[in-house]
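Consider the two complexes below, in which chain A is the common component and chain B and chain C are the respective partners.
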Partner chain A sequence: MVRPGGRLRIERRLRQPRWLVVAVPAGSLVFAFLASGLVLVATGHDPLSSYRQLLDAAFVNNGAIGQTLISATPLAFTGLAAAAAFRMRLFNIGGEGQLYVGAIAAAAAGLYFGGSGGPSAFAIAAMVVAGCAGGAAWALIPGALRAFFKTNEIITSLMLNYVAGYVLTYLVFNTESYWRQTTGFNAAVFPTSKPLPPSANWPTATIHVQGGVPLPLGAGIALLAATVVWVLYRRTRFGFEVQVLGDSPRAAQYAGMRTRRKILAVMAISGALAGLGGASQDGDFRHTLDADPNGLQKQYYGYAGIVVAALGRYNPFAVLLVAFLVGGLQNAGNTLQGADFPSGLVGVIQGLILFSALGGELLVRYRLRFARRAEATPVVEPA
Partner chain B sequence: MRGITKRFPGVVANDGVDFEAAVGEVHALLGENGAGKSTLSNILTGLYRPDEGEILLYGRRVEFQSPRDALDAGIGMVHQHFRLVEPFTVAENVILGDHRGEGRSFRLRRRAIERRVGEISRRYGLHVDPRARIWQLSVGEQQRVEILKALYREARILILDEPTAVLTPQEAEALFATLREMAAEGRTVIFISHKLHEVKAVADRVTVLRGGRSIATVQGAEATPRSLAALMVGREVAGPERVESARSVGDIVLELEDVWVTGDRGADAVCGVSLAVRTGEIVAIAGVAGNGQRELAEAVAGIRPPARGSVRVLGRAIRAGDPRSAIRAGVAYVPEDRLGTGLAPSLSIASNLALKAYREPHVSRGPLLRLRAIRDRALELIARYRIAAPGPNAQARQLSGGNLQKVVLAREFSGRPRLLVAAAPTRGLDVGAIETVHAYLRDAAANGVGVLLISEDLDEILALADRVAVLYEGRLLGEFAAAEADLEEIGLAMAGGHDRR
Partner chain C sequence: MNNSLLVVLVASGVVYGTPLLYGALGELLAERSGVLNLGVEGMMLVGAVMGFWTVQRLHAGTGLSLAAAVGVAALAGAAMAAIHAFLVITLRASQIVSGLALTIFAGAAGLSSYLGNDLNLADNPARHTFHALFPASVQRWPVVGPIVFGQNVLVYASWACVVLVWLYLTRTRPGLNLRAVGEAPGAADAMGIDVVAYRYAHTLAGGAFAGVAGATFTLAITPQWVDGITGGAGWIAIALVIFAFWRPELCLVGAYFFGALQALAPQLQARNIHLGPTVLWTNTLPYVMTVVVLLLVSTSGARRRLGAPAALGEPYVREER
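Up next is the complex of A and B:
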């Protein structure tokens, strides 16, 4: 038996040098730009000027960073939500639905407390709390099923996304609920949701670069949330238990850790983070409950958050950074597409970048090597 | 194998090793943990590629690209850490990766495979139900599956890494007969061990490794345990000998009363065990793995709730199925499965040393961990227990078997236990590490800890225990005062040949 020589083999790395953590993503990015360069040349575009435009639109142009922050904020929340759960190998794929339910609950709080004439800060705080509670409650459904019946949380949390989507649409389009605008001319023609009262609109801070970048309150809350998650997982007994459970549930049980409580708590935290993203959508950007099936539900923030979490290696601060970069990419895509730059092409470039970034992760844990030409392996019968 | 050298980051595991085994012989590879035995066998089975040196198989130079090449060339390996898929049945595991025989067909002919597996298992006396799932089996039974796997593939060279660690003397004897028979059939058996009397009993020739180098190859018949030990460690060593120490046996620490425990398969694994352990006493439970040892140990440690009966520590009942209540009551538990249960393999050594103590005030303040205290404590324990580790932040899985056990012991002892349950505490450890573990167990008893030692190693039991009871099919058979116990009689009871009381 002769094996062909020069096979490419994938081997597990015996150790992971620190420089790889930087070199591999950088290399992946270069690869992605080279690959999408080919696509651009093939479609008659100049890759270099396209990339220049991309960069400008994402981070350089006037107002670019502001737009990027708007795209990045929900990704930061859903990314943190996924990272918080995945750390315990609890695969909460339900960030999407938890975000909707958070948005529903926060909108109710905003409409109720914002319209009551109380201080704006109170209405906003109520929205934050309601968003967390809504997301957490929705996440606790798969959490409880997992904790008490060992149901696979991937499937239950994923399926609940669709349920949450339909509930969201139903509340405004199919029933005269608290969230639906029932008075006025437009309401009679087309179902819409009630606008939030002004005191329930979240404020924006301005950073004085690039002629003033508006920083949404949600972005600030995301930064705070990342810090809380980091402290919780790195410095607390709770975080220690989560680490042990994520690595070896048997060892955790052996050490007397309460597995069920931890599953419930981590799912609740994860859901609360996603729900915060929903509250921020209401308060920061949409100023109403966006129930349109082609609106919030077409953004797929929850699913994108899973990618963001993976690229950030479940580190909360890295998740923020990745959310910012991916947000930039999305924002640039929106700006770039036009008559001579089809939106499909933007999608190709975005896809290639994400694909190589995720594929590159393989190289951190494994290495490729070319096997030398093999000798013939003799087959000898036993004496 | 000529001049094999393999380097890992920071260590040279094999340094120009020469090794030669002939057709039809049982060749023992002897050496302490870390001597390079496992690395050498991993090279021979295609798992690693040597940095230098060459492998000649039946006179021809071969280069294995992968374990499959080695398997195809007829080299089978029974690993010390089993390579089994837990949710699969025995038969499924046996054909796993078999790309030439039954495993090649798209539709598995379950019955035919099970019949074939059953035949081999009967022929070699490796009793195991082909339809049982791996997770339901004891460690000892799982090892039989590993041996079956290699036999099923008709390996012409069979490498066994510490195969007897989980067998009774009688079973080991049966295995030796199997190995000799296989050698007589023209196979080559490479037997990795650090148990001298076994090597002496079974091997035609013995190659001794020390510090990654091949030290000597000697004829089995000419060697004595003493001479082999000297070669292995480079100095004279005493075997596990009974050390009589003045221990004062006091009050009852552990009291089991008519304890019944249900096993994973839903059957009664422990049937009406009653037993008492007093402070300062080492009580051993002898028995072949799979006779209820794990279930009994887990019931005492509060992990597995007993179906009936009571477990009392210092007179207070342990809350069933609540390990934390057992830990609080002062029960330390050294599980037989170190890496999967006793440790979290990907976490740092420091985290693993704090696995139970993290709730205590000197390690955490309110909800916050005192990371510096955890690190300092780890440094201190690493030094005190002489754990050979790159540092407190190294992953537990990077450590060798002996050092893993030291981490577990260091953690369990540092919790100031009143009762220590040690299950197979020296399985897979080398002579030096065994001495250390035994010393720790004796120290614990001398300090007034009640020790429940669950072991299959009769030498160990006779060296350490004050009293011995034999667990067979979930029942305690006979109880012997260790000082006057007879090895043969206990061995007989372990095999179920003793009258039930």
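Up next is the complex of A and C:
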């Protein structure tokens, strides 16, 4: 079908028209919902009513937007983390693990500084710094291996996700660590983590629509982080060099750019962003280090962040927008679980959106031309 | 003697290692053709749910039901792999993002969960399961009894698969062609090998193996359906391919080693042996060791010697070679 000589030819575009960059993601979204509709029809559900429920639960119902923001905030962080790294073609798929380590570090900071009686702002700042540092440190493992030994960062960062997950579980369930609740009646029966002291809980602003939408501090930090990433990549020499290294490593080397330092820096930035997501989980939403295997670890924020980044085409502000939409989808999936709303539908839709966006990329980079066989492969007369 | 720690560990290493082995053999075939498929976990889960559905709904004898279930699981896995193949081979999409998308689409919170929920599979145990093939008297033989004769057909079939894949890769013309496609697709194409067809065929075969791996869980190890029943085995299978330097015979060794690690923590606990934070290191060791192996093979010379396919992860576009 695509091989030269066939009827359909794929040619590389010399220029990518701007409208396509918007039209293709929008088209993929429509296509994905049509395809999920087919899945629903094939299994005997009414797609229109399912989508209606989805839309209501995500954005329309009272309090829906607030819940969507809660789901979207971690996705914004992991999405930015993936975007920052993927832009340099550093495939950091360790956002999941970096988020866990960020959550562990931030919880330690929150427990320590929140309990010491200092001002709340200080405890929160300490959590932000600790979350960034934890995530960055975890990301620097695959980063350093890549920078110094050219070890493939895709698989190493992926493997470390599982290590981080087991460490997180271990800290609360299998050892008497700093994070574990050791006093009280329940602690003896079932292992739980210590709740953060009140001064380590992050504040929430309220927007007065839909009967008051709570705006978590993490969402504000995500907006700030997106701006910083945008400025860094679009307005600084560092960002320019990162993009050149991504698009043409050889050209970058000839120009004397330092590859090794950039790999380390970009991995650290990416890990710090994911770690911030972990800190926000502690401070904004869970108010403890959530080590429950069915809690934080069942949300797959890190992996979903890669979806978000890819759909946002690695543009920080587009990532925020996509995070909001995908967050809505996840929120609806959580609220609607029940008899007439099949579980797993949200994952199916997310996967299909990503598939069609990936397929759609082809239309941005290449042009499809229908040609007759004779035109496509001109017959060369032997001399 | 058969209760000694070592025998128990090896025997349960074989049990828990079998799905890893199937998954790794499949991923190995795909990677040898140059296609990295990170969707193993998703393909396994869809294979697991469809295989389970078959034994629950098909009214036939045990043997026929189980055979049909394994076949359906393989087809389901291959169908999932077809999505990935179309995206990365025909549409030249990023193999990493596409593979992750496949795991999200098919995985524990996606299609497999949707199917399990929609087909009402969660409440009942499997109607037919794979049992040990040999009589109990033979299973009591020292050492080889539990390890060799205490296993089910899926285990013996996996041994046959290892031999077949090894013969295929090293002793047949298509196997040689396959390795050429993974190492130097341009050269293979110039030789007249159909690169696209080879990549499609082996990505699909990889999916079929992953499907069978999933069915191993729902038909033999834990014969029931719960969301996410594979519990990350798909990722270990991907790690295993690297750990085994892309060789089927080493996949077998690695699979049983990683399988035994899964059984180690409860065994040590039952025997009151304390070796530091056992739960932590037995669970994380497969992943840490994979990172170490990757580090060891990361110099280009070692990569070539140890067998990482040179064109792994790269789309092949004839016009741009």
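Points to keep in mind about this one:
Here, the second predicted complex is superposed on the first by the 329 of 383 C-alpha atoms of A that agree within 3 Å, B and C clash if a C-alpha of one lies under 4 Å from a C-alpha of the other, contacts with A are read in each partner's own complex, and residues count from 1 in each chain.
Assume contacts are C-beta pairs under 8 Å (C-beta built on N, C-alpha and C of every residue); 3 or more make two chains touch, one makes a residue touch a chain.
This is a predicted model, so every value here is computed, not measured.
Look at A:Asn62: by the touch rule set out above, it reaches neither chain B nor chain C. Of the two partner chains placed by the overlay, only chain B lies in contact with A:Phe238; chain C stays clear of it.
In the superposed model, A:Thr182 makes contact with neither chain B nor chain C.
Counting residues of chain A touched by each partner, chain B versus chain C, the larger count belongs to C. Of the two partner chains placed by superposition, only chain C is touched by A:Thr156; chain B is not.
Of the two partner chains, chain B is the only one that A:Arg250 touches; chain C does not reach it.
Touching of chain A by both chain B and chain C, each in its own complex, is seen for residues 1, 3.
Across the complex, chain B meets chain A through its residues 8-9, 23-24, 57-58, 60-66, 69, 72-74, 156, 185-187, 301-303, 322-327, 333, 335, 337, 340-347, 351, 354-356, 358-359, 364, 367-369, 371. For chain A in complex with chain C, the residues that touch the partner chain are 1-4, 12, 39, 43, 91, 93, 145, 149-152, 154-156, 158-160, 162-163, 166-167, 170, 174-175, 298, 300, 303-304, 306-307, 310, 333, 342-348, 350-352, 354-355, 358-359, 361-362, 366.
On chain C, the positions that touch chain A within their shared complex are 36, 38, 83, 87, 90-94, 96-98, 100-107, 109-118, 196, 227, 232, 235, 238-239, 242, 277, 279-280, 283-284, 287-288, 290-291, 294-295, 298-300, 313, 318-320. Residues 1, 3, 7, 9, 14-15, 235-241, 243-244, 247-248, 250-258, 371-372, 374-380, 382-383 of chain A are the ones that touch chain B when the two sit in their complex.
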